[in-house]
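In the two complexes that follow, subunit A is the common piece, with subunit B as its partner first and subunit C second.
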Partner chain A sequence: MSNFFTTRLFFVSLALVVIAATLPLYVSGYVLGLLTVAFYFGVFAMAWDLLFGFAGEVNFGPTFLIGVGAYTAGILNAQFGWSVYPCIVLGALASVIAGLVLALPALRVRGPYFGLTTLVAVLMLQNFIVVFADLTGGEIGLTIPDVISINAGTNYWIALGFMTISAAILYGLSQSPIGLVLQASGQDPVQAGALGFNIVKHKLAAFIVSAFFSGLSGALLVFYFGTASVGTVVDVAVGVNVIVSAVLGGRRTVLGAALGAIFLIVAGEFLRPTGELATFIVSAVALLVVLFFPGGFLGAALSREARS
Partner chain B sequence: MDMRLSNRAVLEVRGLTKRFGGLTAVKNLGFEVNSGEIFGLIGPNGSGKSTAMKSVMGIERPTAGEVIFEGENVAGLPAHKIARKGFGMVFQHSRPLNRQTVLENILVALLPDSLFMLFPDKALVERAKWIADRVGLGNVMHRRPPTLPFADLRRLELAKAIARDPKVVLVDEPFAGLTRAEVDIFSDLIRSFRDEGRAVMLVDHNVKSVAALVDRVLAMYLGEEIVTGKADEVMRNETVRRVYLGGAIETHARPETSFKDRAPLLQVENVSVFYGKAQALENVSIHVHEGEFVSVVGLNGAGKTTLFNTISGFLPYGGEIVRGGDKLRGTSPAKIARSGLVQCPESRELFGEMSVRENLDLGGQHLPDDKRAAQLAWLFELFPILRERQGQMAQTLSGGEQQMLAIGRALMMQPQILILDEPTLGLAPVILEQLSKALTKLRETTAITVLLGEQNVTFALPHADRVYVLEHARIVWEGDPGRFASEAGADFL
Partner chain C sequence: MRVFQILIDGFAISALYALGATGFTLIFGVSGVLNLSHGAIMVAAAVAAWAAASVLNVGTYAGALIGVGVALLTAFATYFAVVKPIQDSRRIPNEEKEIFVLTGTLLWGIMIQELIAYFFTNNAKTVLPIVEGVVEILGVRTPKNEIFTAIVCCLVIALLWLLVNRTRTGKAVLAASMNPRGVTLLGLELTNIYIVVWAIYGILAGIAGVLLGMFLGVSSYSVGPLTASAFSIVVLGGLGSVSGSLIAAFVVGYLETLTAYLVSPAYRTIPALLLLVFVMYIRPQGLLGRR
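Take a look at the complex of A and B:
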C-alpha cells in the first residue's frame, strides 16, 4: 500500500489529470460546462463508494447528504446574504450533522433496513423543501445570487482540482489501515468484531467522511449552477445516477466511481440528439455492465491484476 | 509468588445460559480453562457447543451466567471489547480480503481500533511477517488469498487469531475440510499455542478426532454438560457412549438380495465435489435399491449434506448419478424433485410465515384435489400432531413439530425416493422416538425408498437395511447395520 506512487494506476491517473487540466485551452465552453458538472458528480460517486464498496452499507439516499449540503449553502446565501465560502463550508458541515443524525440510529439496524432508512430520508428532505417553499424556493427552485466565478475555464479548474483532491483523500483513506478495517467489517462483521474492531464506530466514521464530501460537492455545484432545485440535487433519480456511476466504474475502487460518473454524464449529453432515448440507452448500458461485469470498468481491470 | 494465583484458571465460565426465544441452546454450563492447556468442548450437531463458544467471545450475548477472564467478568461485553482484553478466535469459514496480500490480511488483525491510523507502523509490518513465518505462510505472504490452497487459508485464520498475542485462543472445528496430513500439521500448530502458555479452547463434534490434542474435554448434549475429564475417561463414560452410539440397537435389516430390481434404482458413481479449493466429496459411490432403506452415517462435515445436495441437482460434480437407468446430469433441481426424488433438507427450509396447512398444500401442489386430500389424510395418520396444528404459523412450532412438518411436506410430493438429511438435529430424545416410529411405519406400509443421512447412529441403524459410513469426504465402510458397532462404531465416540 506504500508503493502506490509506482503503480500503473497512479501514472494513468496522473496523466489523465494533466490532460484534463489543459482542456480549457482548446475545447469549447459547452464541453467545459459539461465536464464541470461531471466532476462534481464524480465526487458524489466516490463518496458513495466509500460507504458501499468498503463499509458494505448500501446508501440508497446519496442525495439526502448532497441535498442538505446544497440547500444549506444556497439558503444561507440567498436568504441571509452570507458570502460564498462560509456558505460552502457550512453546507458541508450541515451534511455531516444530517448524516450523523441519520446514521446513528440507521447503522444499528441490519441488512436492507439501513438502505430503506436512507431512501426514506431523501423523500422526507424532498417533502420538506416543497412544504417550506418560502425558505427553500419550493418546487420552482432557489435562485442563488452569488457564483464562484462566471468564467467557464475557472469553474472547470476549480471542479477538476476539487475532484482530484477529493479522489486523493478518499483513495488514500480507502488504502490506509482505516480502509482495511472498514473493508474487513463490510465483508465479515462477526470476524472483524472478534478481531477487536468496533464496527459501528468505523462505519459511522465512513458515513461522516462520505457526508462531508457529498455535502461539499453539493454546495459547490449550487454555486456553479446558480440555482438549487429538487430535480438537480435531491430527486431520487439523481441518487440513482450516483449509484449507477459508482457501480459502473467499479465497486471498491473509489477512482472508478469518478470515471463512471464522467462516462454517465458525458454519454447522456452526446446522446441528447436522440431525445428521450438518451436516458434509455445510457441506462441499458449501465444495466448490461452491472449484469455482466459486476466489477465495473476499473474493478475488472484491478481484479485481473490481483489474480496474476 | 503466590502459587495459587499463578495456577488460577485464565478463563472461568459459570452458569452460562443462552436462550433464543423459547429454545435454550446452552443451559447452565460451567468450566474453566488454564493457561497452557488445551480444552475441548465436544458435542453432536445442535448440542449448543458453538453457541457456547460464541457466548464466551461475545458474538452472542449470554442470557445468564458469568465469563470470568483473569478475575474480571466479561459476559455481556461486545466481541470487540472481549477481543481486546486478550481473546482470539479462529473461524471455520474464512472470508479474507481478496485484493490484499496475505501479509496485509495479517496486518489488519494487528491494527489498533482507532480512526486515526493513516499509515501502518513499520513495527506492525515486521510483526505481521513474523506471524506469517510462525504459522507457515512465510513463502506466500506476498500472494493474494484467491491464489492459495485451502490449508493455507486456514493458516491465515490461525495467524489472524494469534496476531495480537491473545491469552485465550478459541478454535471452531480445527480440522474441518483438512486432509490427514494437514490435520497433523495443524495439531502441531495448536500445541505450540499451548506451549507458549496460551489457554486454547476447541469446539468439535466428537472426542476421537481431538483426543490426541486435548488435555481435558467437556462433552455436552442438548445444551448441558454430560461429563468433563480426560479424553479417554470421557470416551468410556456411559452417557457419552449412549449419546453417540446408543445402547443395544435392534436392527431389522433385509438382505440386499431380497430387493428385486436388477440394477439399483439410484446409483451414485465416483462422485467428486469441490467447494472452491476444499474437496467435499472424493470418489463417492453408493447405490440404493427400490424400496430399500439406506443410512449414510458420518460426523458433521463428513460430506453428507453435500452428497444429498449433489443428488438433488444443486451442485456441479464429477462422476455420474444414475436413476432408473437415466443420468441425472443436466436435469434442474426442480425437475428432479418433481419427478419423485425429494429431499427433506437438514435446515428444514419451512415457509415460516405460512401455516402448517399451507406448507403441506405447497408440497402437494401438483396433485389433483382428491388425491391431495387423500395424501393429506394419510399424512395426518402418520403425524397426528400436524392435524391439530394446521392453522398455526410454521415458525411458531417446536423443533420436533417443525421437523415433522418438513418430512410431511416432502411426503406430500409423493416421493419415489425420499432423502432425509439429519432429521434428528437438535431434537430431544422423546421427539426422536416419535420420528423413529413414523419411519418404521413408513418402511413397513409404503414402497418409498429412503436415503437417510445421520450422525446419530442410534437413530440411523434400527431402520436401515444397509449402512454407509462417510468420513472426510470418502465412503470408508459399507455393510449390514448389525456389524456396524463392532467394525465402525469406535470412530463415532
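Take a look at the complex of A and C:
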C-alpha cells in the first residue's frame, strides 16, 4: 500500500484528477453537466466492483441500493421539507439498511441464485414505487424542490471531489488486508474460512460499504437532477449500465470501473446523432471488449505495464 | 363463472410460460449457460412472424414458420458469436466464465432489442393468429387462439419429452447434463451435443415467441420482462430441472392470473416475486433443484 504513491497508476490518476478539476475554466456547461452525471455513475460502478470483483457476489441489482438512497433523500426533501444535507445523509443510511437486507440472502445462496434475488429486489422496489404513488410520485417521478447548487461549475466540482474521495477510500480498502480477505472469500469461501477469517463479517462489511457509497451517490444525483424517477435511478437498464461500466473498465480494479462509467456516458452522448442506434453501438463495443479484452481497459493497460 | 375464466386464462398463460422456460432451463442443465438474451430471441421470433405475415403478406402459417426460423438462427448466432468464444477463451479464468456469459448474453440481448426497435419501432405488434374466432367453454367466451396456444404448448412439451427420453440424440443430451466428462469419454463430441441443445432451444423459444405475439402481442420493451420471468420460473423450479420449471410455470401463471382478476392487474407480478423470495429463503435450490 505504501508504495502505491510511487506507482505510475497513482501519478496518472493524480494528473487526470488535476486536469479534470480545471475543466470548468474552459469548457461549456453542457460538457460539465454530462461529466457530473458520469462521475456519480463512476461511484455506482466502483461500489459495484467492490462487491463483484472482491467479494465475488454477482449483484444484478445495484439500482436497489442506489434507488433506496435516492428515493429516501428525495421523499424526505419533497414530502417532509427536510433540508438537503440531512436528506443526503439519511439517504445513504437507508441504503446501508438496504445493503444489509440484500446481504442476508447472499450469506445463504450463491452465484446465479443470489443474482436473481438481487434482480427481484429491484423489481420489488419498482413495484413499491408505482403502488405507493402518493408518496413516491409513481411512474411520473418525484420532483425535488431543493438543489445543491444551480452553478454548473460548483456541481461539477462537488461530483469530481466526491468521486475522487470515494475512489481513494474504495481503492484503499480493496488493496488493504480486508480487500485481500474479501477476494479470498469470494474465490474459495471454504478455504478462506478454514484459514480462520470471518467470512460473514467481511462480506457484511463489503455490502455495507458498497451500499453506503451507492446510496450517497444516488442521493447526490437526485439533488443534481432535481427529480427522482424509476427511469433514472431504479430501472434494471440503469443497473445494466453500472455492470457494463465495471466490466468494461476492468473488474477487480475499482478505478477502472469509474473510467468505464465515464466512457459509457460520454460515448452515449457522442453517439446521440446516430439516434436509436446509440445504445446498440455502445452495447456492441462493450461486448467486443468483454470477448477480446476480458480484463477491461485498465486490466489491459496494467497487464501490459506488468509485462514490460 | 369467474372460477372457470381464471382456470382457462391461467392455463393458457402458464403453458406459454412453461414453453418459454423449458428451453432456458435445458441449456442451463446441459451446458451451465444462463442465456440472458432469451427475451430478445423470443421477441425477434414474434416480430419476424409479424413482419412476414403483415408486411410481406406471406400468410399466417409461413409467417409463424419464418418466426421460428429467425429464432433458430438467432440462437445459433448467440452460441457461436457470444457463448462459445467465452467458453473457449483462455484469458477468462474458469470460475469467472459464468459472469462473463451472463454479461455477454445480456449485451447481446440489448443489441437485438435495439436493432428491433430501430427497424420495426417500439410499437407493440400483434401477430395475426392462425385460428380466429371465439368459442364458449363452461360459459366463458374464449378466443380459439387461446385454446390453440395451450394445445401447441402442451404438444411441443410432449414432443420434447419424447425426444429427450426416447431418441439416441436426446439420451446423449440427457447424459451431457448429468456428466459432461463421462459423455466425452464415451466418444461423443460435446460441441455437437451443445449445438443440438441450442437448436432445440431456438425452436422452443421461437414457438413460444410467435405464440406470445399472437396471444398478447410483443414490443421491444417486452425483452427485459420476458427474460426476467423465464429466469424466475426456472429458479423457482430449480435450475436445470425441466419438470421443476413446468410446475413453477403453472404456479407463476396461475398466481399472476389470480392476482390480475381478484386484486388488480397493476399488482400482477408482485405475489409471484414474493413467492420467489420466500422459496429462495427456505429452499435455495428451488422446488426440484439438485444442488
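Brief remarks on what is shown
One rule holds for everything that comes next: the second predicted complex is superposed on the first by the 301 of 308 C-alpha atoms of A that agree within 3 Å, B and C clash if a C-alpha of one lies under 4 Å from a C-alpha of the other, contacts with A are read in each partner's own complex, and residues count from 1 in each chain.
Criterion: contacts are C-beta pairs under 8 Å (C-beta built on N, C-alpha and C of every residue); 3 or more make two chains touch, one makes a residue touch a chain.
Remember, it's a predicted structure, so these values are computed and weren't measured experimentally.
Overlaying the two complexes via subunit A brings subunit B and subunit C into a clash. In the superposition on chain A, contact is made by A:183 with subunit B only, not with subunit C. By the touch criterion defined above, A:198 reaches subunit B but does not reach subunit C.
Within the superposed three-chain model, A:86 lies out of touch with both subunit B and subunit C [touch as defined at top].
Once the two complexes are laid over each other on the shared chain, residue contacts for A:243 go to subunit C alone; subunit B is not touched.
When the shared chain is aligned, no partner comes close enough to touch A:29: not subunit B, not subunit C.
In the overlay built on the shared chain, the residue A:161 is in contact with neither subunit B nor subunit C. Put simply, subunit A uses residues 187 to touch subunit B in one complex and subunit C in the other. Within the complex formed with subunit C, the subunit A residues making contact are 52, 58, 105, 108-109, 111-113, 115-117, 119-120, 123-124, 127, 130-131, 187, 236-237, 240, 243-244, 247, 276-277, 279-280, 283-284, 286-287, 290-291, 294-295.
Those residues of subunit B that touch subunit A in the complex are listed here as 57-59, 78-80, 83-84, 87-89, 91, 95, 97-100, 104, 107-109, 111, 113, 115, 117-120, 144, 146-147, 160, 163-164.
Subunit C meets subunit A in the complex at residues 34, 82, 85-86, 89, 91-92, 95, 98-100, 102-104, 106-108, 110-111, 114-115, 117-118, 224, 228, 231-232, 235, 239, 266-267, 269-270, 273-274, 276-277, 280-281, 284-285. Of all residues in subunit A, only 1-2, 172-173, 176-178, 180-181, 183-184, 187-188, 190-199, 201-202, 205, 252, 302-303, 306-307 touch subunit B in the complex they form.
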